[in-house]
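Going by the order they are written in, the chains are A, B and C; count residues from 1 in each one.
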Amino acid sequence: MAIEGMDIIKAAAFLGAGLSMGLGAIGPGVGEGMVAAKACEAIGKNPDEAGLLTRTMLVGQAVTESTGIYALVIALLLLFVV
Amino acid sequence: MDELGRIHQLIVPLFGHNMVFNLEAIAMAWIVMAILLFFGFYAAKKKSRLPGPLQALGELFVSQLYMLSEDALDEKLGKKYAPLICALFMFLMLSNLLGILPHLEEPTKDLNIPLSLGLMGFVIAHYAGIKEKGFKKYLSAYIEPMFFMMPLNVIGELAKVVSISFRLFGNIMGGSIIILVVSHLTYSIIMPPFLNAFFGLFVGTIQAFVFTMLTVVYISVQVK
Amino acid sequence: MAFDVETWVNVAAFVGGGTAMGFGAIGAAIGEGYTAADANLAISRNPAISGEIFKSMLVGQAIAESASIFALVIAMILLFTEFSNSSYITVCVLLASGLSMGLGAIGSGIGSGYPAAAACKGMARQPEMSGRLTTNMLIGSAVCQTPSIFALVTSFILLFTNFSGRPISPTWAAILGAGLSSGLAAIGSGLGGGLVAGASCEGISRQPLTVTPVTNVMLLGQAVTQTTAIYGLLVSFILMFKVFPETGSMAPPMALLGAGLCMGLGAIGPGVGEGCTAQNAVRWIARNEKATGDLTRIMLVGQAVAESTGIYALVISLILIFVV
């Protein structure tokens, strides 16, 4: 089994991509879940403001997603570009 | 994809050391300054009671940022440093938005610009602190509350400069690289405008605001 | 499997870059999520000032993101730089640099979420204090990120120092140990500092008159909480800058790697614990301003005792580096 040099570089790039997106998905998952949970509680306490609260929840989740997007970009770079 | 790492530089040998000028950052910064100068000139030209659009925009910026500055610092100092805060915010917001226009890129993408603005804020904050409190009281602030805290306080001050500069630089550079990579990968014309809108308008404005607010807060911490 | 060094350097660069961004994305997202969650609750409690609360939430989230941005910068550098002086040391340098910044971003990200959340909740309770709450949130978050700056500094020094004159063994372990020490030690301090800042914002919103003692004790508590991160940085610097004699056996490299792990892991606990102490001290100073002196004293004594295991870890690290 003769493994070439280029093979192991590609292997490492794939490993890095996997690590990056795998670990990077933990945080946004937990964070966005917390946002949605407290949004439910908030709407429960004050149903008249449901529109404003839903809007705030979506904006909060979008900002929380940004680090997950960075990890996705690094993973895509490692897969296709490098 | 090779455009990622390429920076056009002008290297001028001077007294044995090389002076390196990053041409793109300088050109873009001059464009931002020219736009701001034109805006300032035309907005303040006719001061009428019924403001035209330029004047209304100018009044909006100035009133909001003066209020911010006077909230954090007291009346007198607030009025003194408010022009600096206003200029800083307008420069940064326009710089971060410049990437949306084709063929132009944000000057804040080069580390030199955020780092120099951060150092400027640092120097101004400490100068204001020394002028307000006097040199002895300023030095004694490093020793409080206990003597062995001094290295910690000094490190903390340096960390503040690094953190605000790198935060601005990383957000803007990261956003532009993401837009470049996604455009390269998807070959479409629908995705990049949305991404540009998100990173340029949303993230750019927020980061400019955070940088400005932190500068004001650092000045107020030194002065009180 | 005999590959040339260039291959291994590329391997390490990619794995290091992936690790840096992977770990770095965890903390900031959790912190930002916590902020948005409490902002939602605050808006439901007081919809009239939802504009102010929304603005604070965005500003607080932007600050909590900064540690992940540092990790993104390190990941980009690792992926796209051509490393010229390749040796097996460079392999370890790239891995260690990625680990250091990746791990270092976790604590500060989660920690910076607390003051932003408390500021949003406080604005719903006391809209007049919104200016002061924003200021305290900014100061507290900025100080809470100092440990991740230490990790960034360690990453940069690792990347840009010339290690070529050193023997391969045991320097490989010294470099890995340096990265782990700074990165892990920043987790506890970042989290602890954030807890204190959150309590200060909550205290100001409950009792606006106690602004000055609360802010002072917050800064004091945060400064003491960061001492464990400073120990981690100290051990990193010693491991990076001390030239170790060449050895052939496995024991000295393992000693250096163990020193880095020991200081890194050992700084997590005291950081969080001292943060909890300071958090409660600040919270009760806001409720009972007259007891400020007693509370400050007890806080410092308690923090000093909580620091003791951190000091044991430092001592063992130093023994592993210098004596063994």
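One rule holds in what follows: a residue touches a chain if its C-beta (ideal position, glycine included) is under 8 Å from a C-beta of that chain, and two chains touch if they have at least 3 such contacts.
All of these numbers come straight from a predicted model, not from anything done at the bench.
Asks: Quickly list, by label, the chains bordering both subunit A and subunit C.
Replies: Expected: B.
Asks: Of the pairs B-C and A-B, which shows more C-beta pairs in contact?
Replies: B-C
Asks: Measuring from the mean C-alpha position of subunit A to the mean C-alpha position of subunit C, what distance in angstrom results?
Replies: A distance of 21 Å separates the two centres.
Asks: Starting from the mean Cα coordinates of subunit B and subunit C, work out the distance between those two points in Å.
Replies: Roughly 25 Å, centre to centre.
Asks: Between subunit A and subunit B, what's the gap in Å when you average each chain's C-alpha atoms?
Replies: Subunit A and subunit B have C-alpha centres separated by 28 Å.
Asks: Residues of subunit C touching 2+ other chains?
Replies: Residues 58, 62, 65, 72.
Asks: For subunit A, which residues are shared contacts with two or more other chains?
Replies: Residues 66, 70, 77 of subunit A touch two or more partner chains.
Asks: Give the residues of subunit B touching no fewer than two other chains, as numbers and ranges.
Replies: Correct list: 174, 177, 203.
Asks: Under the touch definition given earlier, write down the residues of subunit B that touch subunit C in their complex.
Replies: Touching subunit C: residues 4-5, 71-72, 145, 149, 152-153, 155-156, 159-160, 162-164, 166-167, 169-171, 173-174, 177, 203, 206-207, 209-210, 213-214, 217, 220-221 of subunit B.
Asks: Where on subunit A is subunit C touching in the complex?
Replies: 3, 5, 8-9, 11-13, 15-35, 37-39, 41-43, 45-46, 48-49, 52-53, 56-57, 59-61, 63-68, 70-71, 74-75, 77-78, 82
Asks: Report the residues of subunit B in contact with subunit A in the complex, numbered from low to high.
Replies: Touch list, subunit B to subunit A: 1, 174, 177-178, 181-182, 184-185, 203.
Asks: Tell me, which parts of subunit A touch subunit B in their complex?
Replies: It comes out as residues 66, 69-70, 73, 76-77, 80-81.
Asks: Subunit B touches which residues of subunit C in the complex?
Replies: Going through subunit C, the ones touching subunit B are 58-59, 62-63, 65-66, 69-70, 72-73, 76, 80, 131, 134-135, 138-139, 142-143, 145-146, 149-150, 152-153, 216, 220, 223, 226-227, 230.
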